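There are two complexes below, and they share subunit A, which is joined by subunit B in the first and by subunit C in the second.
Up next is the complex of A and B:
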């Protein structure tokens, strides 16, 4: 009697578990629907359109490889692809070089949690102004008669203004590093803040000096933060067009700029090709970065 | 025995709080020292100052003949076993243990064969054979404790500091690790300074027991002396085996809220006067029982008792509301049944009482 009662109970419990997991699946429905409608469908459409036939004034749904062939035989487009990759790598390295020490300071050496939060909020302050203003503010800073050149000339370090500072690849890199650095600092500071201080004390106690501890303990434990930051920065830099348009004087053409121009002149098929190439590039970069660290294990 | 560690007048403050208030201390070489103190008494601070994680504001620390007061922790050669073990989460058991040998700034071991031999010897000494490749998240609490200890011992420190090393383990494992810690220490021949808040652990483990009270060393001695002859009411209170009455010296005894309590011999000098009687020296009798000349008797109402297997602890409420505890060992007698809310006489011999005045 008791036995049957117990089995009955287990059965009801199982049924309850089943129905509850069925119910919880509904929580996913809005997200899945949203992604299908506004991510997967447009991506498929973009791929489809990239094979359409483009003439000067209109586009027809007749499948052809022409746009793809044009893209991969044109120096302009391949050059843009190469510039995108080069600027991405330089900006990524620059954000790590600038961001890691800052994150190390905030996440590890600032013991006070309130101060830590305040410092991280300070990093975000540039985002309180609009993107355009932030980018354009570099012009009076970097220009031929800009602040930097004026100061350097005043104190007599240079006699001629440095022209390469603005409307060059350098200005694009400076602008992008400044804007995206915070996306590197945040995740790294978060990971560093999670390191138990007694682990570092233990390493000290076992006889290791600071650099040794940094290399063997702090750096490996903060790698997930570096990878997450690198993913943020990569995705944003690879898709960039505004910074390069505003700071390069149209000398630096990224894939994003190509897409903007092509769309502007209604060349949808070319724009779609560039879009597909850019999407594949981002996918490959994110996949490669995720290879570096097993985020599921670390986070 | 020569002293391996000597502290003189060490002071450490946090703002207005004096965490260490002039600590003088000398620890013998090759022995097990336990440091007992209630939470907040400064025991962790003391360990951290000795290890070099916190600089003291005053005083000197001499370690194996050298002044190490201003030496950074990685040059002191003092091992530290953390309460939460602080294992390196990204390294395997083997790499955790090898860390100090390979990475220390002073005299690192560069020969991989020598590292391997030392690490494997240590792994077998602490009984971790077969777990070398495991991640630190895949081992139990007791095994983590062993890794933490092995990681420290393999660097051959001249002294090991253990910060409540058994606090994170369950009771069963704690008892087993106690004897194991003592055994490992004997094989290594170094001094262990073991910090604990548990009086039983301190008494059971230490060849020498230090009692820390209000940022000062209150007493230093062997377990037997500490237990039977605590030098102040505070020490008696931490030992958790004395009923204490406050009051003052009077003619023919010690005046307390329970009346005049008699004692024999000279009272010990202490800042706050108190009368102490051990839980297990008290006899429970029916109320109004006769008293012999060498006995002291008070009355109390029985509240409840607690059966611990080898003993029964009975709790009585005295007339002023104070709780009085009596411990009856069951090796010599069967447990007695007392009726709640009934008055009993509590008697003890004058000579068993300790008086501080």
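Up next is the complex of A and C:
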């Protein structure tokens, strides 16, 4: 009697679990399918095509390593790879250096919640302008007759306009730092805001100076924010090509620019090789950063 | 003393930081009022005028500077953003709903979805172009580019909804079920109103991200230009203040959109409060 009741119960429970897992499957299926078809398949195709044979205007599905050999023996491509890594590292460092103090102020020193929100919103507002317009906005700033040169000449710091400001690697770095540093400020400020003020109070009461508190409490506790910010910035900078196209005057060629020019001249296989190299680079960077922090836990 | 000195210093720094963020945009806005067609995209302002705004709408006599090809692009971009918004919000809500239960492989699915916002547009765009070429599918902004836009915005909608469901008290739903209300009706009457602020945010994210997206569109759309592609086309040629005027207008449009969002959000919060008050009474 009791046995049958128990088995009945188990049966219904199993049925409920089955129907709920079936429901989960149906809820997930569209999204997962979409991602498999339109994200995983294209990336797999890119990897596949990178081994195809490139003729002048066409690609043929005969497998070869030729495009890969061309990539790793050509100074242009290797140079682009190196430029990408260099610009990425510089911009990453610049966003931390430029963004951290601002995040420190917003996240830790501003106690008024309203002011804190206002400051964060002020940081985000520029994102409501088109990305391309924000990139382009640096041209009248940095140019030979641009705002910065004009101001510097007016106050007499320089007598000749600084020409290296625009259409150089420097202008690309300045532009990228301005566009991406907010992705650093946000996560850092978020982590700093979560620090329990009583810890800092306690350290103060025990006689620790600001630098000591910063080094032993604030910096370690804000590190997850820095890492999350670094993931955002890295992913975006590594995939960039518009900023360098707009601000470098074709002097800076990132892997992204290589892909765009190769596609433009129908060299699909070469573009695919550059794409795969970029994917591997990005995957390595993100994997290394994710080792430091669990993204899902921080959300 | 020391701490307040540091606070002051950081406050000054943050002000400078904001100048750094806004400076270029302010300069761009000022220069959009340069006189035309002879005034260039630099200081000094020869004469203040709205010439470039009129130029944008084709209200000026023809000059050597070609008008921006935005009229058709605007419509395409709006429609594309709308389609992307609807589809990615639906996908985001359903996927996040599934994540309310623990299931095996949730980690893999989570990273598969988040991958969509991580992979750069130039890579998926290239991949999509290759797939389309191989399968003999023609590339269009409403086809190949649209699905890529959803790949990009769906993760944002998903994460927003995940955050909403994390703070969601499911006992309200269970109460409704145990009172014999059908799941569909429960979703409409209970779940949806509760998650509405999240849905609104997801829609806002999806619309604006898609509206501004161009690296995914670049390879995946065919001949017809969307708005960002039209702007990207000006990169290679000499820049005139008409692009700046256009930048000012799109920014204003974004703010209008943001105010609509704020109003709807305010209304939904007020309604939630009113219901809470009624329940207490």
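Miscellaneous remarks
Definition applied: the second predicted complex is superposed on the first by the 265 of 299 C-alpha atoms of A that agree within 3 Å, B and C clash if a C-alpha of one lies under 4 Å from a C-alpha of the other, contacts with A are read in each partner's own complex, and residues count from 1 in each chain.
Simple rule for what comes next: contacts are C-beta pairs under 8 Å (C-beta built on N, C-alpha and C of every residue); 3 or more make two chains touch, one makes a residue touch a chain.
Keep in mind that this is a model prediction, so the values were computed, not measured.
Clash-free side-by-side placement of subunit B and subunit C is the outcome of superposition onto subunit A. Put simply, more of the residues of subunit A are touched by C, taking subunit B and subunit C as the two choices.
Between the C-alpha centres of subunit B and subunit C, as viewed from that of subunit A, the superposed structures give an angle of 90°, to the nearest 10. Contacts of A:39 after superposition on the shared chain: subunit C is touched, whereas subunit B is not.
Using the contact criterion defined above for the overlaid structures, shared-chain residue A:235 touches subunit C, although it does not reach subunit B. Once the two complexes are laid over each other on the shared chain, residue contacts for A:196 go to subunit B alone; subunit C is not touched.
Judged by the touch definition given at the top, the superposed model places A:227 against neither subunit B nor subunit C. Of the two partner chains placed by superposition, subunit B and subunit C are both touched by A:209. Look at A:98: by the touch rule set out above, it reaches subunit C but stays clear of subunit B.
By the document's definition of touching, of the two partners only subunit B reaches A:217; subunit C does not.
When the shared chain is aligned, subunit C comes close enough to touch A:260, but subunit B does not.
Of all Cα pairs linking subunit B with subunit C in the superposition, the shortest spans 9 Å. Within subunit A, the residues touching subunit B in one complex and subunit C in the other are 209. Partner subunit B is touched in their complex by these residues of subunit A: 196, 198-199, 201-209, 212-213, 216-217, 220-221. Interface residues of subunit B facing subunit A in the complex, by the touch rule stated above, are 51, 53, 72-75, 77-80, 82, 84, 86-90, 99-100, 103-106, 108, 151-152, 155. Within the complex formed with subunit A, the subunit C residues making contact are 2-3, 6-7, 10-11, 13-14, 17-18, 20-25, 27-28, 31, 41-43, 91-92, 94-95, 97-98, 101, 103, 107, 109-110, 112-116, 118-124, 126-131, 133-134, 147-148, 150-151, 154, 158-159, 162-163, 208, 212, 214-215, 218-219, 228, 231-232, 234-236, 239, 243-244, 246-247, 250-251, 254-255, 258. Note for the complex: subunit A touches subunit C at residues 20-21, 23-24, 27-28, 30-32, 34-46, 49, 98-99, 101-102, 104-106, 109, 119, 122-123, 126, 128-134, 136-141, 143, 145-147, 150, 178, 182, 209-210, 235-236, 238-242, 245-246, 256, 259-260, 263, 268, 271-272, 275, 278-279, 282, 286, 295-296, 299.
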